[in-house]
Amino acid sequence: MFKKVLIANRGEIALRINRACHELGVATVAIFSEADRQSLHVRHADEAFCVGPGPVMRSYLNIPNIISAALISGCDAIHPGYGFLAENARFAEIASDHGLTFIGPTPAVISAMGDKATAKRLMAEAGVPTTPGSDIVANVDEARTVSAAIGYPVLLKATAGGGGKGMRAVHAPEELATAFATAQAESEASFKDGRLYVEKLIVNPRHIEVQVLADEHGGVVHLGERDCSLQKPSHQKLIEEAPAPHLDDALRERLHTIATTATRAVGYTNAGTLEFLVTGGDLYFMEMNTRIQVEHPVTELIYGVDLVKEQIRIAAGEALGFTQDDLNTHGHAIEVRVNAEDPNNNFAPAAGTLTTVVFPGGPGVRVDTHVYGGATVPPFYDSMLAKIVAVGRTRESAIVRMERALAETRIEGVKTTVDFCADVLADPEFRAGGVGVAWLPAFLARRTAAV
Amino acid sequence: MTEDVIAARARALAGALTEAGFARLRVRDGDTEIELRRAPGAVSGAAPSPSSAPAAAAAEVADRPPERRVEVVASDVVGIVRLLRPAIGEGQELDGDRELAYVETLGIRNPVRSRGGGRVSTVFVSEGQPVEYGQPLFAIDR
Amino acid sequence: MFKKVLIANRGEIALRINRACHELGVATVAIFSEADRQSLHVRHADEAFCVGPGPVMRSYLNIPNIISAALISGCDAIHPGYGFLAENARFAEIASDHGLTFIGPTPAVISAMGDKATAKRLMAEAGVPTTPGSDIVANVDEARTVSAAIGYPVLLKATAGGGGKGMRAVHAPEELATAFATAQAESEASFKDGRLYVEKLIVNPRHIEVQVLADEHGGVVHLGERDCSLQKPSHQKLIEEAPAPHLDDALRERLHTIATTATRAVGYTNAGTLEFLVTGGDLYFMEMNTRIQVEHPVTELIYGVDLVKEQIRIAAGEALGFTQDDLNTHGHAIEVRVNAEDPNNNFAPAAGTLTTVVFPGGPGVRVDTHVYGGATVPPFYDSMLAKIVAVGRTRESAIVRMERALAETRIEGVKTTVDFCADVLADPEFRAGGVGVAWLPAFLARRTAAV
Amino acid sequence: MTEDVIAARARALAGALTEAGFARLRVRDGDTEIELRRAPGAVSGAAPSPSSAPAAAAAEVADRPPERRVEVVASDVVGIVRLLRPAIGEGQELDGDRELAYVETLGIRNPVRSRGGGRVSTVFVSEGQPVEYGQPLFAIDR
């Protein structure tokens, strides 16, 4: 096991990793920007280094300063969390070059999965169903030929993409040229890589992802699926649950089998998530996230497995302490993201000081947060303040528990997503379960119209 | 104010300055006034990488009376302090902009410059000492 | 199921009951004293009635005002929580007379178990091992005869007793007269009942209790045992865990069997706890608590059963939804009581305003609390601010998790038991597991000497 | 101050008074001074049961100028208000201590007394209304 781990992140996930390290008896080093000096993730770590000013380019993405902090403090490993440098193969490589274990898969796998077109090709080769589509298209003419073959509507996607950037839906041939130019420009601006590929546009699919763990000795297990179909119009997830409701048993098993097969095929190690679009009885591989996900707690609560501890154990060379047969689930879990955002104004992020902070407690409720009464929300970072997770014996009991948890939550000083999420939970269609990714934007539009 | 207090207050104020997103901050406290200005290049996210960022963040501290201007030179990288040989010492007069030390980060030596003349009133660090971003290295009486 | 329940309590247990009711779709009515107007238990209930000023005799023990509040608000049941009126048979009777279901056993059972000598006799008749001792002794001479027969050391105990009041250890015949007079006077003053009985004094036993649930249709189950041996010199529990460590399997099973047998024998219904003294291979029935216990969450966490919901369901006439065979445990849980007390000054209670309140979160941690940053701690009530509960796969992992949870906890404004409990958890003897009730006072003495 | 405000402030202050464990509390706010005194019998936990507790908690409120003393009579039980027949109305003159109403709790009628003469300036409650402990029932100009 490692002696000391540098946590290359901030916020709730930095605290989450700090908890896992401390429970494993591993010392921790936090990094922080000048804007985060008062943050809980700094307070709870054994050591902490300021790595730069508030803006992420100069602090949380500042590779030399972060690696330097790890070396100076005598760390033997780095946990990247999610976001920031978590899927940066170059960062993993530099860490490795300096004798630091990167807690995640190998740089080669990060790199292959990070390039969406490559990932799709590799998965197809491993027998994983992928959305009908092309490899990288050189220009708009090639895109037109391919789109005609696939049949409209299609999606233009950036191979370096993520978070919906460099992505455009095209419903008819005459829209293609403009969409191509826009997507290419956006991708170039966001990722310094303007390469695009074409994919069949699946209308209102469900977003279902499978959690896997793979050790460095050939051990691979899945920890079931999560339904992340409740996404804001920006495609950011807002409410997640596990298991996915109303999923045909055969389809569920197929998802799990495909995930473990693919994990083995690409030589994956550590924790990872394969994202699928599911529509009717069909599933299509979308992408593989080579890191811990924000929504990992819903899986932890029903499997009783600490995924972050497993990440660290795997990176330290340990074999998984369980096989697929040892894993079973209890009940249903649901997560709500409490963001400092205004749901009545396009989820515009809000910064400020939290005057009141009261989180829920009691049975079946887990809160992961880095904020507290009096904390400031800096303007530089992700707007997530907390994850509230509820577990119950059934989906309905988990939802009811979440409703009472949200009713107990009081955050003042900034606008949050708490009340909006409570409205979602109360909606009969959500309650029935199994909605697609188009549901939440439609709900939002209905709600806005009603106000 | 002692140099320790100057350093501590300068760092605290620098944090507040950054959080607030302002370029200048002045605090009067009894007889003492501390003024901080953000170093011209150290603006929000403009620099693509820290090694190409301009010279160290500067914190200017003015104590009055007597009329005295102390400027604190801080590290803008995380690394190990390498003093010059012979090392710049307290009391040393500087006749203009010059190198005071290096901070070594992953084998790269990041020069620390005085950005003007004056008298070195305090050396906050010693050879081989690890420093974080924003950590005071030298105080210079202008 | 009930439509509306009056919660005849305050603090964390009032919130706990409020949570259970809301998750069952039952409306709630809180009661509060003038000193608790700003409390969370008032804020989260659907309705709330002020029933009197701060002192408990005029508010939380004010039976007419409480029953009146229940009737005025249209409640059909009352949940008493623990403490206050929870084991007051007369209150249960009055509630019943006014058509309100008392969520607990029948007044007759409360009354029988509340009288310690009667309870002991009933248990002995049911074949439960009890401490060698007497029925009520009329005077000091009778006590002397009985004590000689039992053999010193003995305990003089008040039949109406509780919380260590009216209890005296007697190590030799010459101490008896004084001890008898003191215990009698104390019991008379505390309970208006000076009757005493004599019991063999078991030296440094473990305090182990068994949780039972019994419905009104003959269904009886146990939910295993809790080890509550970590008690302050005042005999108040401080740290509890489940299951009890290093308990011989045969002895554990005997405890469980005896508990369910006794539960049936006394016609018990609802949730109850049988407390035993355990020493070596012997066990002795001590008393039965006819209510929910403070430390119930450790059982909930390893059994996955919501005990308060079960209480409500049983009182509403439902049959238990599971049998003994359906129940099984996962892992180990530990609870730390965060009290506003000064461990360096005989756990003297502290009142004041909580300037900072940060509770722990993340995986495997549950917090039950009614306090928040800015809340005041009134001088009238129990000093418990919160219960922090940690669950892990093993005892060691639960303890380690608790250590990191306590490290995350920050309460400023009053002195608390947090640091003291962290010291207990770090002690090798505690870590080894299975200490007796004399251990914590000895640890306290060692710690005080070291300071 | 309107009667509503008097009632609200009196209740808030009564809470503070009890929490602080004091017998008297005076608050000056602009032209207005509010003084609260705990009713003589209403001391901490002395009464074994509320029905044997002395008459309703009193909150005295003094507004100046003009010189006017308003005393609020509050309920000291949880129950249902039963007005007299004929009911005491606003504007009614009281020539000394007398019954104003009952509050019925579990079938027991707890009398509400004026504890002195004056003019009833406000009746806060109506027949059959549920009231909690400390809830204002009448305001009396002394």
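Letters A, B, C and D mark the chains as written, and numbering starts fresh at 1 in each.
Basically, a contact is a pair of C-beta atoms (placed from the backbone, for glycine too) under 8 Å apart; a residue touches a chain by one contact, two chains touch by 3 or more.
Small disclaimer: the values here were computed from a predicted structure and weren't measured.
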**OP:** Starting from the mean Cα coordinates of chain A and chain C, work out the distance between those two points in Å.
**Re:** 43
Original post:
Just how far, in Å, is the C-alpha centre of chain C from the one of chain B?
Top reply: 59
Subject >> Inter-centroid spacing, chain D versus chain B (mean Cα positions, whole Å) >> reply: 66
Subject >> Chain centre separation in whole Å, for chain D relative to chain C (CA means) >> reply: 39
Original post:
At which residue positions does chain A touch at least two other chains?
Top reply: none
Original post:
What parts of chain D, by residue number, touch at least two of the other chains?
Top reply: none
**OP:** Chain touch graph shape: choose line, ring, star, complete or other and state it.
**Re:** line
**OP:** By the touch definition up top, name every chain pair that qualifies.
**Re:** A-B, A-C, C-D
**OP:** Within their complex, state which residues of chain C touch chain D.
**Re:** 34-35, 37, 49-59, 62-69, 71-73, 98, 376, 378-379
Subject >> chain A-facing residues of chain C, complex >> reply: 15-16, 19, 22-23, 25, 40, 44, 297, 300, 304, 306, 330-331, 356-359, 361-369, 372-374, 393, 397, 400-401, 403-404, 407-408
**OP:** Quick one: which bits of chain B touch chain A in the complex? Just the residue numbers, please.
**Re:** 14-15, 18-19, 21, 42, 44-45, 47-51, 53, 57, 77-80, 105-106, 108, 130, 132-135
